[in-house]
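Here the structure is laid out as structure tokens; the discussion comes afterwards.
We just call them A, B, C and D in the order they show up, numbering each chain from 1.
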Amino acid sequence: MKPKVIVASVIVVAFIIFGSYSFLESNVEYTDVAGAMKSQKKVQLKGEWIKEKESGFDVKTSTFTFYLKDESGRECKVVLDGAAPNNFELALSVVAKGRYMSDENYFHATEVLTKCPSKYEAQADEVKKNV
Amino acid sequence: MNTHLRISATNLKKVFNRRTIFRNISFSVRFGEVLLVTGKNGSGKSTLVKIISDVLSPSEGEIEFSGSDNVKTIARANLIGLVSPYLQMYDEFSAEENLQYALSIRGRTPDISHIHELLGKVFLFHRKSDPVRTYSSGMKQRMKYAFALAHNPPVLLLDEPTSNLDTDGIAMVKQIMEEQTQIGILIVATNDLSDVDRFNAQVDLNAQT
Amino acid sequence: MNVFKTVLFVWMTAVIVLALGLPMVAQPSTWYQFPIIPALEEKARIMFFHVPMAWLSVVAFVSSMVYGIKYLRKKNLDDDVRSASAAGLGFLFCFLATATGAIWAKFSWGTYWNWDPRQTSIFVLLLIYGAYFALRSAIEVEEKRASLAAVYSIIAAVTMPFFMFIMPRILSSLHPEPILNTEGKVHMNTTMLIVFLSSLAGFTGLYFWMWRLQVRIQTSHLNRIN
Amino acid sequence: MRKPEAAWQQWLRSSISIFRKDWHSELRTRYAISALVMFVVTTISIMVFALGSESAPVDVLSGMLWVVIFFAAMSGLSRTFVAEEERGTAMTLQLLTSPSAIYFGKLFFNLVLMIGVNTFTVLLYAIFLNGFIVKTSSIFIITIALGSIGLAASSTIIAAIIAKANTKGTLYPVLSFPILLPLLLTCINATRLATEGAFLNEATGEFQFLVSYIVVVVTASSVLFEYIWKD
């Protein structure tokens, strides 16, 4: 009885590690601009807001337009249905959910999520300066 | 045939839902002997029978089968034949199919002539191909005897052996009991003392509180 | 026990007062000030409560499973009472962690619920706890209930790691790195860290006290029935 | 006593016999098969009616395929244990052989059932839902095969648990869902890869994951089954 349990536990632990190993290598599914352009489906586009470029809320169409730069530095126009989230201006990076409109050359977002700084030390000052 | 076969139980105790069914049950029974288990309804007769046949584990205490060396290595299931009101046959199968499956699930190769012989012994040969669900309760009880004896167990456990049986059936049970004492151990749990002609040891579940 | 209770009471009071009361300023100059966190600001204080809740829901799940295994080995029903009580508290803390997490998510990500991997995992943990109690309530014989509940929690525990690894592949997380992160760094200043660790320790103490109490209540309840 | 067979030979014969007994019984009563087939037919026809002349995007369809498979498994796979328990034959079986032989016999039965149902489901899917186009059939076939094994493995142990409980029908999906979620999510992912035309080696991560899941669940179950089975 006892050895059986030990052997079983070893197998279980070994295969949990084996199974998860392949997945540790790649974390996909957040796409960059190039990926968003290629894909037909709804994607999550991750990048930084380009503060230098124009951005603003259009009252007529009720959309918020801004420019986004991904990790490779490629830029893209994003049009969001609705207003920008509250802490948009302070976000380190943003994630836009939606799809790329290849005809009109912009990313049409239905929702924008903001990633706020979560590192509390030192960076607090840097971010403050940026704002 | 293992004439050194012996079953000994020490200080068995069973608790259900924090209620003690019985405690301090000890007995010892050897080859050729008969153990009688008596007790009122709810005193735990069937529970004790299930513990002996390894369907239930005791909460405390031990039960040991000893004899020649290989007794300990054989699974308890292969040493015991059980007849009990709780035992059910697969009623979509015929008596013959039930016995075939029973033997092959035990890991043996079913021998059809042996099965027919058994069915003859319990007077079911003429109905061997009918599904068990069409049997009367007395026939089902007799079917259980064929099931219990199919693998020639050295220990036969009978819980309420004569329930639902007519006089012919009772005679058949007496015959089987007699034969069992020649080839191994017989354990009978009943309140009807006329079920057994003789016994060597007795466990009275009423005696303990 | 009384000493423990008094210490716990004083400790928790101090943790709550400090966590909510210490000033948050842009440039911490004295030891009792927290650095301000842009965008989150005062709302970041929820961290002192959210993280201990999440931690305890896992601690409770593990202790419930450990006592479940112990029951399977020794068949002592007291272990089952411990296991079930831990699971009950685990469910409570898991719920609180989910709620505080959702509030924090609203501050930080702009939405209460995003099916973020971390949110989804805690949701699955809630489902497991729910299933565990549904199973327990459907079995009458205590011994049977104890073994089946223990078996279920083990099966759930061995599949849980798979879940942790599959989720990041489907969605990468916005959630901050856990405190025990891969880089081994702590992103807090000393005061925050002390308050944070005290909170963690205090809530862990609270959990063990509640657990003990729960076990005593359940046991006396069962003794009264019989 | 004659020369005894090796213990593992007896064990193997025993679990195969349990599978044969269940299969024979299923052919006679058709409890599980009829439930499974009717479930798949009704669900897929509801999907077809709901879609009307519209065609759903292919990733929605690959997700829905596993929704159908999950609920089909929930409607039929518990039968093998529940039937033993309801008719009181659990004790009969317990008297005949070891818990591990019973577990593997039942697992094998559920596996055959699951593979049959999944093949049927995929066929109906291919016929009635035109939007569902598989570009890499190798990924798809392996996913269906591993998914069936994984579903059978975890459903079998959960079925053994709920067979001892009172509210069997409702409890089954409740207990199974959190256990099956990692499996289902991976299968949906792999199916999506197959419809997107990914190369076979792009899905090795998924397959490695599925195989590990199966090994872990089967190993844990074979040890734990004894505690469920014996009162």
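Methods note: a contact is a pair of C-beta atoms (placed from the backbone, for glycine too) under 8 Å apart; a residue touches a chain by one contact, two chains touch by 3 or more.
Bear in mind that the values here come from a model prediction, so they are computed numbers and not experimental data.
Participant: Count the C-beta contact pairs for B-D and for A-D, then tell me which is higher.
Facilitator: Answer by contact count: B-D.
Participant: Rounded to the nearest whole Å, what is the centre-to-centre distance of chain A and chain B, using the mean of the C-alpha atoms as each centre?
Facilitator: Centre-to-centre distance between chain A and chain B: 69 Å.
Participant: If you average the CA atoms of chain A and of chain D, how far apart do the two points sit, in angstrom?
Facilitator: Computed value for the inter-centroid distance: 36 Å.
Participant: How many angstrom between the C-alpha centroids of chain C and chain A?
Facilitator: Computed value for the inter-centroid distance: 28 Å.
Participant: Residues touching two or more other chains, restricted to chain B: which are they?
Facilitator: Within chain B, residues 57 contact more than one other chain.
Participant: Two-or-more-chain contact residues of chain A, please, as numbers and ranges.
Facilitator: In chain A, 12, 16, 19-20, 23, 26 touch at least two other chains.
Participant: Could you list the positions in chain D whose residues touch two or more of the other chains?
Facilitator: Only 205, 209, 212-213, 216, 220, 231 qualify.
Participant: Which of line, ring, star, complete and other names the graph you get from chains that touch?
Facilitator: Contact pattern: none of line, ring, star or complete.
Participant: What does chain D use to touch chain C in their complex?
Facilitator: The touching residues are 154, 157-158, 161-162, 164-167, 171, 174-175, 177-179, 181-183, 185-186, 189, 205, 209, 212-213, 216-217, 220-221, 224, 227-228, 231.
Participant: Which part of chain C faces chain B closely enough to touch in the complex?
Facilitator: So the residues of chain C touching chain B come out as 75, 77, 141-143, 222, 226.
Participant: Touching residues of chain A toward chain D in the complex: what are they?
Facilitator: Interface residues on the chain A side: 4-5, 8, 11-12, 15-16, 18-23, 25-26, 41.
Participant: For the complex, give me every residue of chain D touching chain B.
Facilitator: Result: residues 1, 4-5, 9-11, 13-14, 17-18, 20-21, 24-25, 28-29, 87-89, 91-98, 101, 230-231 of chain D touch chain B.
Participant: Taking the complex as given, what residues does chain A use to touch chain C?
Facilitator: Residues in contact with chain C: 12, 16, 19-20, 23-24, 26-30, 44, 85-88, 90-91, 95, 111-121, 123-125, 127-128, 131.
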